[in-house]
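One structure, pasted below without further comment.
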Amino acid sequence: MPTMLGQNQYGKAGTRVVRIVRDGATHHIKDLDVSVSLGGDMEEVHHSGSNAHVLPTDTMKNTVFAFAREHGIDSAEQFGIHLARHFVTSQEHIHRARVRIEEYAWDRVVTSEGAGEHSFVRAGRETRLAQVTYDGDRWEVVSGLTDLTVLNSTDSEFQGYVKDRYTTLPETRDRILATRVSGRWRFNWTDDARETPDWDTSYEETRRHLLEAFAETYSRSLQQTMYTMGARIIDERDEIDEVRFSLPNQHHFLVDLEPFGLDNPNEVYLAADRPYGLIEATVLRDGCAARIPVGLTDL
Amino acid sequence: MPTMLGQNQYGKAGTRVVRIVRDGATHHIKDLDVSVSLGGDMEEVHHSGSNAHVLPTDTMKNTVFAFAREHGIDSAEQFGIHLARHFVTSQEHIHRARVRIEEYAWDRVVTSEGAGEHSFVRAGRETRLAQVTYDGDRWEVVSGLTDLTVLNSTDSEFQGYVKDRYTTLPETRDRILATRVSGRWRFNWTDDARETPDWDTSYEETRRHLLEAFAETYSRSLQQTMYTMGARIIDERDEIDEVRFSLPNQHHFLVDLEPFGLDNPNEVYLAADRPYGLIEATVLRDGCAARIPVGLTDL
Amino acid sequence: MPTMLGQNQYGKAGTRVVRIVRDGATHHIKDLDVSVSLGGDMEEVHHSGSNAHVLPTDTMKNTVFAFAREHGIDSAEQFGIHLARHFVTSQEHIHRARVRIEEYAWDRVVTSEGAGEHSFVRAGRETRLAQVTYDGDRWEVVSGLTDLTVLNSTDSEFQGYVKDRYTTLPETRDRILATRVSGRWRFNWTDDARETPDWDTSYEETRRHLLEAFAETYSRSLQQTMYTMGARIIDERDEIDEVRFSLPNQHHFLVDLEPFGLDNPNEVYLAADRPYGLIEATVLRDGCAARIPVGLTDL
Amino acid sequence: MPTMLGQNQYGKAGTRVVRIVRDGATHHIKDLDVSVSLGGDMEEVHHSGSNAHVLPTDTMKNTVFAFAREHGIDSAEQFGIHLARHFVTSQEHIHRARVRIEEYAWDRVVTSEGAGEHSFVRAGRETRLAQVTYDGDRWEVVSGLTDLTVLNSTDSEFQGYVKDRYTTLPETRDRILATRVSGRWRFNWTDDARETPDWDTSYEETRRHLLEAFAETYSRSLQQTMYTMGARIIDERDEIDEVRFSLPNQHHFLVDLEPFGLDNPNEVYLAADRPYGLIEATVLRDGCAARIPVGLTDL
């Protein structure tokens, strides 16, 4: 046979589970989209179609709902750890599990009588991410976020760059810097000796450091701003060893108003969609190896 | 000739303008997506292709940018009024203008040193809408929002409905009620005698009443909740005569966990995408005529 | 009470039904997304939440599936007629029904052994639309399509337009004309005297005339091209009295390559996303009234 | 300093270039979305913000347009090779380039007078992909496609699978099998000795084999169908050594019509959106190493 099977995995994506916890009249909500991927002794199903080693993806969906009841959802990370351990330890032919979770945030509706006990409004624009991988031996927990859009209206320049035959861009000492942050960070947590992070606090603090670093950095390039954001997280959060960012440079072009007899002292901008710059990097704690996969488009 | 021209209009959609106002070191941001539509003596361009009456859509785009500099952007509504008046009064063959604006909200990044002076993060999930129509005589200002997602985790029931041969839905006395609000409201403002509303305050208050009515209503049907939301706005905001809602009923199904030996006391739900209920209505101040167009799918 | 109920409707959107018909070993497929909207004596449910007049939207979904079995799906239009009649005639308090259907096309997979008997591949980019409205007395059938993207690489000019203070666009005698056609057309069919159109043939022919008119017209403006497309349909298809188009002008800008020492003889273009022109009109058979609703953004 | 820089790259994404070639009155069209990513000596820009090694992403965009004129666009792959070689060989500090291209297909509009010379309609639903990577030494060309949706209405079963406490899925001997194919395949091409493939022919043939294998395989599991598709390509196309698929299992559930007194002999299905199965694997020519990156969600 001239072909062979390489990396493979299968699972159920997009299981959307909402859990309500009733603390008297006060309700709490968790809203997750859970995707499970499993791997193991799967040669046979690819070659002959025999499903003797295959746990149906429908069962993975059922397990997500059942675990939400049995174990609750303390945090997306903790829920992912429960699920990943379950599949690897309970299924003979499953040797690796990855659970990827998107979490949607809700605020309480605040009325003239205070915060609602059971009324919620979807919060923020970003989506929180958690990803747990387990192979029966080693754990890897990566958290992150997408669609956190930030903008500095000054303190950004771009100059001193290489110019070749195709370069027409004028240098600038004052521009808008805007990006829609997509970031992931890897924990050094293992399930033996050391303490488990408070996953929710860790997320909130990491997000805060990321935003602060963006806001406080005078930017000579988006690469520099990105590196500063990653280094700040590594510096401030002992539980994190690696950060990976993918930052689209959302260009804001100063509009030329001269044809209309008007000046434009850095006031009116066109926000462009395409093309856009795309800046990506990993920042590591000194001495640590990179383990966040860098994606399909990476070099 | 066996055919004739009916309603027609043309314009430029999707002009994305960002304006930064510098108040010393403190910057302010307005972020709009502006769409202009014009109508008038346009028979000729449809029949022969003569553009003698046609102001290019490229010019509309230029005008949006120039007006952002010349007039500033106090509010989306005020900016729309400037633009609509300009096209109708300056162009001999243009008799009607509609300016439709989406506004994206930004919060200041808050760091340990306080709120940033020039650093912003995109706020909330909803998009604010403003639509101004002018025909040289009559004004119509409609504001609104889309993608405001709300959820009550109790105080919602659904029973006592009609049952026919195809009805299988069980009645329920306690369900999740969730919807992604799309709403528009029409002002009774004209540009002569009466006071101009503070558009931004009006928006914030209307949004607040809408949320409060949703949170405070014990719901026997989504129609009742919707009507209450509209009536609350009419009651509380004298400047508004008409409200139109389109509310998808985002079903949350209680998962049957019995096959796994588990109960489910209104705790674990599946959030479904499709199909979804869709509830739409107009609420009017008594004696006022409906003038918000009800959309392509309306009966 | 200072408020009153205006236009209202409710229903189930997004019921995705796939029907397979087995003609021996040869299968046929219909793939629809069906949305039902009903109206009638619905004051009570808005005011008190009483559902005594309310057929659940879940029942509408069930009915779609049951009718796919009971009546089959000859065409989207015919299926919509069955459904609309059913709701209006079987429910005492329902007086109006609108059924809106998106239809997704499939081709047979062609292998070296010929066209597959039961293997299909999703065809084309456009989505076919059908909308049936019935109030117990009058029928309205509107068909249409969206996302049919067409482009002429020459035979398009744009000149002789109005110039004002904000006009900078240079005139052009040879440009790319591209648009993503969204069109709807209304049939003069009623369910009494006259013949029922063959809905599928009518759709194919209307689509063909639309494309031919686009391809054969030397364009002085997109309005002229649009009108020609509509008039061609009215001329050629007796069963259609009204056509409504919404055509985004997908700008293709000739790139200035002079900074790189290169000419650009109408060869290299940048395809822009935003902003875009938006041209909309109704074309009517002489003497017929317009009845296709013109949409939320219309003047 | 406790942090260090890991994998990094930067570039311009989403440069949408359309090229028209005029062969007398007959025009030809190429429509690409080009994304360039570069890497090299980039420590400094991350640490200090110095752009001395940075070719602006705006220049990459310019280069795409200029190359479309200078070199033409024979195929997406060939265009990517030109671009990747240019950046690596012309820039001292750039050592790696990846060019990723989406190609949109157009058919000629066919009228009663034959195929149009300069009128086109967007074809098919799938998007063709090409990705070229070059590090000054080694080339890697990967082609592929996304959004090719296929369906078998019979000859698919699913049974004999593992059952655990959470399994409720009934076995089935006749189901609909549908998926939206996302596939990539790697060429063994290098730029020295051997012949360069005809990239367009290779794409068409690979797509054909993929479709034929899907249509001709009696499926016991989607894994088996996927492996057969990959193996068929490896068997039939000498220029390809590796294939990677990501196949969502688009579930079609047979609707239970019994509550309405109806049977459902594999005729009426609900096409579900979420959750969905997701089956992924690499198929390799015997003895070849896997080099297509397997993506962020892979184990």
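In order of appearance the chains are A, B, C and D, and numbering begins at 1 in each one.
Keep in mind that, in the parts below, contacts are C-beta pairs under 8 Å (C-beta built on N, C-alpha and C of every residue); 3 or more make two chains touch, one makes a residue touch a chain.
Computed from a predicted model, the values in this text were never measured in an experiment.
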What's the overlap between the neighbours of chain A and those of chain B?
-> C, D
Decide which interface, C-D or B-C, involves more C-beta pairs in contact, and give its chain pair.
-> B-C
Looking at Cα centroids only, farthest away from chain C lies chain A
Compare the two sides of the chain A and chain D interface and say whether they are made mostly of the same residue numbers, over half shared, or of different ones.
-> same
Length of the line joining the C-alpha centres of chain B and chain D, rounded to whole Å | 38
CA centroid of chain B to CA centroid of chain C, Å = 24
Could you grab the centroid distance between chain C and chain D? Build each centroid from C-alpha atoms only and quote it in angstrom.
-> 30
Multi-chain contacts in chain A, i.e. residues touching at least two other chains, fall at 16, 62, 66, 166, 168, 259-260, 273-274
Treating touching as the only link between chains, describe the layout with one word: line, ring, star, complete or other.
-> complete
Contact footprint of chain C on chain D as seen in their complex = 16-22, 27, 29, 31, 62, 65-66, 68-70, 106, 109, 111-112, 116, 118-125, 148-155, 176, 211-212, 214-216, 252, 255, 257, 259-260, 262-264, 266-273
Chain A contacts chain D in the complex at 1-16, 35, 37, 39, 42, 45-59, 61-63, 66, 90-91, 93, 96-98, 100, 131, 133, 135, 158-164, 166-169, 219-221, 223-224, 226-227, 230-231, 234-235, 242, 244, 248-249, 273-286, 290, 293-299
Of chain D, residues touching chain B in the complex | 165-166, 168, 259-260, 273-274
